[in-house]
Amino acid sequence: MSIEKKEFRPKIVAFCCNWCSYAGADLAGSSRLGYPADVKIIRVPCSCRVNPMFILRAFEKGADGVIMCGCHPGDCHYSTGNYYARRRMTLLFSMLDYIGVENGRTRVEWVSAAEGVKFSDTMNEFVEKIYSLGENVRLGDLRCRS
Amino acid sequence: MQELKDRARELLADGTVKRVLGWKIGDLPYNPEPAYFETEESLKDFVYNGFCGANLSKYMIEASKLDGKTMVCLKPCDTYSFNQLMKEHRVDREKAYIAGVGCKGKLDIEKIRKQGIKAIERIEGAGICDEAETLKIQTVYGEKTCAYADAMLERCHVCKGKEHKIYDELIGESKETADADRFDEVAAIEAMSPEEKFAFFQKELSKCIRCNACRNVCPACSCRKCVFDSTKFDSSQKANVDSFEEKMFHIIRAFHVAGRCTDCGECSRVCPQGIPLHLFNRKFIKDINELYGEYQAGEDTGAKAPLTDYTFEDAEPSIVGKRG
Amino acid sequence: MQRIGVFVCHCGSNIAATVDVAKVAEMALMEPGVVHAEDYQYMCSEAGQAKIAEAVHEKNLTGVVVCSCSPRMHEATFRKAAERAGLNPYMVEIANIREHCSWIHKDMEEATKKAVILMRAAVAKVNLNTPLKEGESRVTKRALVIGGGIAGIQTALDIADAGYEVDIVEKTPSIGGRMSQLDKTFPTLDCSACILTPKMVEAAAHEKITIYTYSEVEKVSGFVGEFTVDIRKKARHVDMDKCTGCGVCQEKCPSKKAPSEFNRGLNKRSAIYTPFAQAIPNVPVIDCDNCIKFKTGKCGICAKVCQAGAIDYEQQDEILTEKYGAIVVATGFDTINLEKYDEYAYSQSPDVITSLELERVMNAAGPTHGHLERLSDGKAPKEMVFIQCVGSRCSDDRGKSYCSKICCMYTAKHAMLIRDKYPDVNVTVFYIDVRTPGKNFDEFYRRAVEQYGVNYIKGQVGKVIPQPDGKLLVQASDLLDNQQILKEADMVVLATAIEPNPDVRKIATMLTASIDTNNFLTEAHAKLRPVESPTAGIFLSGVCQGPKDIPETVAQAGAAAVKAVGLLAKDKLMTNPCTAHADELLCNGCSTCENVCPYGAITYEEKEVNDHGIREVRRIANVNNALCQGCGACTVACPSGAMDLKGFSNRQIIAEVDAICR
């Protein structure tokens, strides 16, 4: 039995709101603006639907980076959802930073339905950052590692 | 204390209240425990001294369901919690007769022990009415002394002030105890490198035995059923392993009380493992103050809580990386 | 356990060229709950949809996952297909393996791996899906229009012409609004009253329109389709049915000291008054604050002279409660208070006036009977200075950050009218930019400059200083010539910024309609739903939504009417089933969720619950499914996790997270 050192391929979860960012990701797709396959998108109605527990859960289960995308402030389909999301995520990220988790593993970006380019650029940038940070060891449940 | 006891007796006697929520003498001189007193007779065990740190406001959730009024003894800091619970419709103002009791700082037995004072038999100077600056402690090894301020709980050194935010009557004098900045500890951690921060919290949180004492004592953590106990998130509590579990629990717990935590410090006081849990809550409070303006939960029942409020110009989450 | 069918679409070569679709289908069979998997060239085609129906019947499927293009494209198609096959449409989930996979990746192995993971996430979610049912709610076929200006009148006329009952609630004694105060309108120079009055008459005469003037909305409850509104009809002290509108009472009223609101306080009116000659209804009101009878109990002249016996000093406010299916807000605007702009000497000199005041000065029914004259001494001015952007486009907090939009055009109009009627008067306009987008607008402005010789100077006025001789010294800078200007003027006109009617905030709160920091009501979508509020059943007409001129207001009024009619035409409303709901055993009743709900959909009720044998009355959140739009803000605000969102539940999202991180 040989132990092969596997090439690091990060697991990245992207929460996208249905009205802006998910549509922005669709536009990136139809415009063939590529980004690494490591990013997997979960559709939520609004960024305010993203519970900090989902983000911690993703890390617990082995994600190396989590990004949340929503409508630009002022453009939320539900008027105010992204404002609440913004405060929640700011506090959560600050707390993660406080307990010594690399800040680059979490990110929020506002992407409109018209911003396919921004979506793709953001994902490329974020994936690159996660590669530079390497595997997430500070968060994450050892039992979930395979 | 006698004044408080007398008032309790009067209020019970004239039927103003059906019961008194206070503290009774414990097994040891330094562990009085929260208790209900329903008869004048039972008040003989009533006690109020420097070791009565317990915040009784949370007990009012259940007491609000009982018949008649409950006289509840609340220290200045406890009144913030009562206000917050009232704002959240968890306690009934009409069911409470609030005796705002004086406070000259509460004592931490661990701090006394750390000075090498063990096998304690009796403590003088802890009473609320004596002006003693020094505690005289009788131990099996003879009398020891300890400065009152050196035996105080951390939270009393960063006291929010001795003004009761809500009360029906005030009983007893208070004494200012604040002599440190509330956010110094948090700032010290913020100044560490990520590695140091991680090591610090890893060390502290690995002590956690998930006994839920912090959760049970916290007036903000007063959900009928905690998410960690429900099936709603597939996150039921599990056995303690060296994993992310504890971090997740404490981060989420702090997040759930963010903007609602009055910083009463009970979580740290009751933690049997001595984890400085208030460092989580206080980090959120510090961030909220810095990012969204000064906010003290429980101070003003009409104010909008920071997590249910927003402005267009709020800081972006990327500020976390930029602050360094 | 669900019985799930997974259908992998080739989308011609759009997906199949980069994703090994057969492999995805094969892998799907290894997922829990999956009992059927196949791939097909075009799942959205008739044949593809038939495959879903076939599998539902043959394999007794309870859930369907389609791995295809974005759900934004065909989710509705596949839901309908599933519904036709007898499945609940909400048991269908889409794995987006085209836009989010095949189109952005080149390597087949990588793309296939990702497609498998996306499929897994969708399967994990469907495993937790539950059938959802769209709710139904009734529609009261009557609309309320708040505000009786041109926006409200036009909206009401359009709704009424479509055959629905409309009520207009107007705060002042007459409909007509700001437009009735204008003298002429740009860019055609039509007389404002001449084009407005017929509309006012038409609205008043329309059998489907009821007008409540001198009335205010007091309370709103209910939701789209079924609003209940309390309207306070303020006591007029004149019987609407008896009054003939002869006007004798106003003539004879001995108290004539009240500033006329209609003439912007430039002259006085009687205590019993109709705001203007063409007022509708032509029934006066008694202004109790200025009426001698009400102040001292002695007088009663109006009652004595009224042949119809219409004066009723005892009349009280009346509250009407009406039901509406739709509400249109048309509360309009006012000019800002100029107290923070004292450098223009508005409070110091009666010869410094706002543009709206100038409208009254120029109007034949105005305080000067249409003669352009100084309000201080009645002399004809020779030098007029107009100052643009007073309080508009302001970078500090004295004024408004936005452009008031109408000022450039009405200033050109004023300048032109003055030069036309009084060729010997010099007109100078100080501007920051001249903004004239709009049909025939720039031509209009150019006419003012080129034909009428209006002197436009790019530059801001620093100060207006009243001189001892009654003249006004204007200190300004000319930015193009880069020089300071000192100019003597006889009159100065301030193009004062407009702001939403101050009452709109109160109304927005009642309607739970969102409002921005400038007090403009927010539209549901800035581009695609500009006349709807995010709150269902609330529509926006006119300046309450943002600065606009008359043609734009009328156009928007019509659009709001169409939207309202579209709602009223329905017999019942289907409500989005993906709404929030509270688990009553977990709810703390803490009100946190209510505080973040943008729709006012959450209320609390005292309800008896049976919590594992403990029976007690608890305060519990109750979500109104007709109002809830399913954003989920409440679900995260809720600390106990009692609040959850159907279709995007906590467990469903966590299952997706787990599937992706597996």
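Labels A, B and C are assigned to the chains in the order they are written; within every chain, residues are numbered from 1.
To be clear about the criterion, contacts are C-beta pairs under 8 Å (C-beta built on N, C-alpha and C of every residue); 3 or more make two chains touch, one makes a residue touch a chain.
What you see is a predicted model, and the numbers here were worked out from it, not measured in a lab.
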Contact-richer chain pair (by C-beta pairs counted) among B-C and A-C: A-C
Central chain (distance from its CA mean to the mean of all protein CA atoms): C
Between chain A and chain C, centroid-to-centroid distance (C-alpha), Å: 34
Rounded Å distance, chain B centre to chain C centre (Cα mean): 47
For chain C, residues that touch 2 or more chains besides their own: 596, 637, 650, 654
Where chain A touches two or more other chains at once, by residue number: 52-53, 57, 80, 84, 88
Residue numbers of chain B (touch at least two other chains): 227, 233, 307-308, 312
Residue ranges of chain C in contact with chain B within the complex: 517, 583, 585-592, 595-596, 604, 611, 616, 619, 637, 639-641, 644, 650-651, 654-655
Of all residues in chain C, those that touch chain A in their complex: 70-72, 96, 98-101, 103-107, 110-111, 113-114, 117-118, 121, 514, 522, 525-526, 534, 578, 596, 598, 629-633, 635-637, 645, 648, 650, 653-654, 656-658, 660-662
Complex contact set, residues of chain B against chain C: 65, 87-90, 222-227, 230-234, 256-257, 260, 304-305, 307-308, 312
Residues of chain B that touch chain A when the two form their complex: 186, 189-190, 192, 194-202, 227, 233, 235, 241-245, 247-248, 251-252, 254-255, 258, 280, 283-284, 287-288, 291-292, 306-312, 314-321
Chain C contact footprint on chain A (complex, rising order): 11, 13, 18, 22-23, 25-26, 28-30, 32-35, 37, 40-46, 48-54, 57-58, 61-63, 75, 77-81, 84-85, 88, 120, 144
